[in-house]
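Worksheet: one structure, shown below.
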């Protein structure tokens, strides 16, 4: 157990962030979930089943790949933790497998989830299919149109996709709608949230389910002769892949870097606030109204950040930087051409920061662990349009 | 080393099939390749590097997943070898990693490849990028239009894609064109063929590079308490994923089943003939002209089959069956909904046969190893059009 | 005891409380709807201060909040208007925590108090995170009105009952605000509140028709009607038409009183 | 010694061999092009029997083969026409192995022999897989004409030289059939053939102009011209026009003879 990234306090606070800001109707479910998760996570049988499912179904452990050609280009040593090779194409599966198993353990028969681009929705539908749980996914109407293929993917997996027509009709509103729906069905339904966000115990639980990334990576780096990397770099939307990889290095001397999208930089541009059940850093206007994030990458299009990240930023233990859309496409191209790995646009943010910082903020010959959170197949059509000047 | 699936004779024959039917201009390259492969495959350093690259870059070992809900539905026990989790989404990476490493070992700096749907092309471009080799992919013009996103994917990876305008402008013609081009650049260029086809040593070499599937699976099944499965089932286009998995079980009592597309069933409908450098079973008309295959799945759209499969069919060691397009979509849906795995359309052929044969040709309670050769992400748009009656 | 506690305990001795809900800033003349409803017999006015992400609200109030935000409604602008209107019945503001959090808890409490607001309902503030707000609000004599839900176990209801000021908001069903076809679990929820505390229990969430209101009033001490009224205003009802609607609710509640 | 061996060794004593290539069945009157070329001085005729997948052919001959297949040309139909035409110069058929394999090796050899075909070039049949075909063909006095490529090492050239009948097809470049701007590696390849055997060496692959042909003829014992002629026919040249083109090549070769 990490000292820096330990459990939150009993109320789910990481420093001044986190907590449980939900309607009374949902509080019993949050408390039940907290107890159920504590119980399960302390039960060797549950932990074993979680790891077994990730191993036999989810494709874990994902490898660490030394990126030799990129390293040579940048004058640093870059190792990539390959979450792109996990089932459904990103780290999202780690979390949904954990939550789906917990759902069954709690005797619930159904999951609901929010999704933006559809990655978490596909992952949830996948875990639900595997465990025989019913599944409904809330998705902003705008996103159902932009990501029509992911809607179909979820439907293929047996899930029902509900277009959300409220608010800005994107991810933020999908979360609202999922919470609203959860109120009505909390007795038999678990809300499978997609990142280290939401009311306690979600940020903690999701981080725990994702910490398999960092724990694996730390061991794997040792096989490459790397005891502690100088930097651990991950992109940050809600922050689950970053939290997962940071968890393996929080007590080490590694510098932890979270890379946000410039247009969704909750740490860089946000202020403390309360949304979606948590106190964290949020993009908001002068009156505390939540502002929409904008990013080329749907998975980073979130106006907040997980509360533990807000806390790590406060502590100075992790640093959060931002990169603009313009450099992200180039980073995606560079990684594809040098290493034969087309990263997700989200992931390409972390790569873009490496390209910018190598030899500068990252001193020459540093050792860097890059969390390669997902594959770019989902983004190829969009990247093509952009490169052709079509959008 | 398997006794049934041992090396071919010195001329590359598996029984009466195989051989080397190429222009004299290419014979020296085939001989050089044969010698280079024999040398490399006997060199522990090369073998170690091949396995290391597949482990650290390619995502091996891929897991074996017990498909519990499908098993229950069918009254048999189905285990899936998860090649869908390999880098680039199918077993194709196993072969291209081997050939790319061999290319470098031979002192060549460039690879060319044919591709149909684009899977092998993407895999080749991937391995080439990783190793810093130049890469040109030949693709039927018709396919470049149908699979425009895969063309872009290859380009992202730094490859040049050449549309082939000869013949039927599909896969078969892409092979012809790659062979024609190889004649002109054989000195510095390796032809990285995509299945267990072509002149010796390709069918043997590709099978050897793919046999990692069967070897891994046999060990993994033992961890599930399965010493020998009753059936080993794989889809067959050229036959590389089938050959790879069969190689682990050829000397066992397992029944080996190759599932062809009804419209590309070289074993069911073909006759012995010579094409693309090999003697095998081919779809041909009354005058020995090669006929086009037709299948819903681009990866099975090949009028021939690898020569070793023709031989295994001759021996009666493997059995080849065919399923029609109509049941393939349904099989894809069933696997998606029951197990949370959207298979490639190619792979769905093997699933479709399971659905048909369980309780009949496959006796109740049999144990089956299904080679889940690839993921369906590439096919989702097509399946959607079909289900909506758009195509 | 807060002022709201005192007033509503007194009210309880006289009649069933009718609590219509209005969205501050929904129309330019929104306070005239409030005045009209007071004329028609409203006992307490619930005023929604809009938030971009109203997690506890259904489609009608979401749409209303969005419109109000489009009209540039803010906590300050609404307080300003309430202050100017100076209604004689107690005003209870309903808003989400971020609005208060962003403006500052103490600053918010002072502003609300100065504007004559007697209490605040913060639907995303359950008892676990309540203390900082309740403390500053109580200091400014602004009551914290808390919700009890059908899912709340008895032990929670007891604690909520202890902490809720003015009244307890008894949610009739597991749902967000909206219109429903019955009074749901009102009876069970109010029963739990009554067993836990002596604070008046008002029934809300989904109360749509006068008949529901009457039924709810036979169960609880008051009735909150939200979406059903907001929908009328969104549909363009005049203040006079709204006054008619409120009168109908008033009669239904008075009927319930006489039955009791 | 096959008949073709005898005839071409005799021819070598007289002049440089001019070998135009025609696609059987390309047009209905394709044999009239053959006759015209013989009139103009062709010494050997290479007749392509089209195959769906002509791996050793460039775009021109691919297009021609596709057209001939569209005209329902088959091994039998072409043999039938050759038989009927009964040309006095040796006919060498060029086809892919599957065509013979499918018809049956013995049956093919007999049919070809009966149709007056003296030899066969099978570009996808290197010496490794040659024996079955060469044995039955030789038995029918149908020669197997083999290729040597610039990539063939000396030891292979020696073995090819031993096995090739009639002539050795010396590929001037590492390429499939087509049109090129020079005679490529002809000199080196022919040199290797000469060092290996006494069989006449004819230069082909990419010979486009009379000037190339002349140069190639100073190197080898004959010249094969394919795509350059097929292109003319595809472009609609008449038999008479073709005769003119062949005459030009003839003069170029005779010039080379006189220079030698």
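For clarity, chains are labelled A, B, C and D in written order, and residue numbers in each chain start from 1.
Note that a residue touches a chain if its C-beta (ideal position, glycine included) is under 8 Å from a C-beta of that chain, and two chains touch if they have at least 3 such contacts.
On a predicted model such as this, the values are computed, not experimentally measured, just so you know.
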item: Least hop count linking chain A to chain C through chains in contact; value: 1
item: Co-neighbours of chain D and chain C - touch as defined; value: none
item: From chain B, the most remote chain by mean C-alpha position; value: C
item: Whole-Å gap separating chain A and chain D, where each centre is the average of the chain's CA atoms; value: 67
item: Rounded Å distance, chain A centre to chain B centre (Cα mean); value: 34
item: Touching two or more other chains - residue numbers and ranges from chain D; value: none
item: Residues within chain A bordering two or more other chains; value: none
item: Chain contact graph, described as a line, ring, star, complete graph or other shape; value: line
item: Pairwise chain contacts under the document criterion; value: A-B, A-C, B-D
item: Chain A-touching residues of chain C, taken from the complex the two chains share; value: 51-59, 62, 66, 69, 74-75, 96-99, 101-103, 123-129, 146-153, 156, 160, 171, 174-176
item: Touch list for chain B against partner chain D, complex; value: 11, 19-29, 166-167, 172-173, 176, 179-180, 183-187, 271-277, 279, 282, 284, 287-290
item: Of all residues in chain A, those that touch chain B in their complex; value: 55-57, 59, 62-66, 69, 82, 84-87, 89, 125-130, 132, 149, 152-153, 156-158, 332-333, 336-342, 377-378, 380-381, 383-384
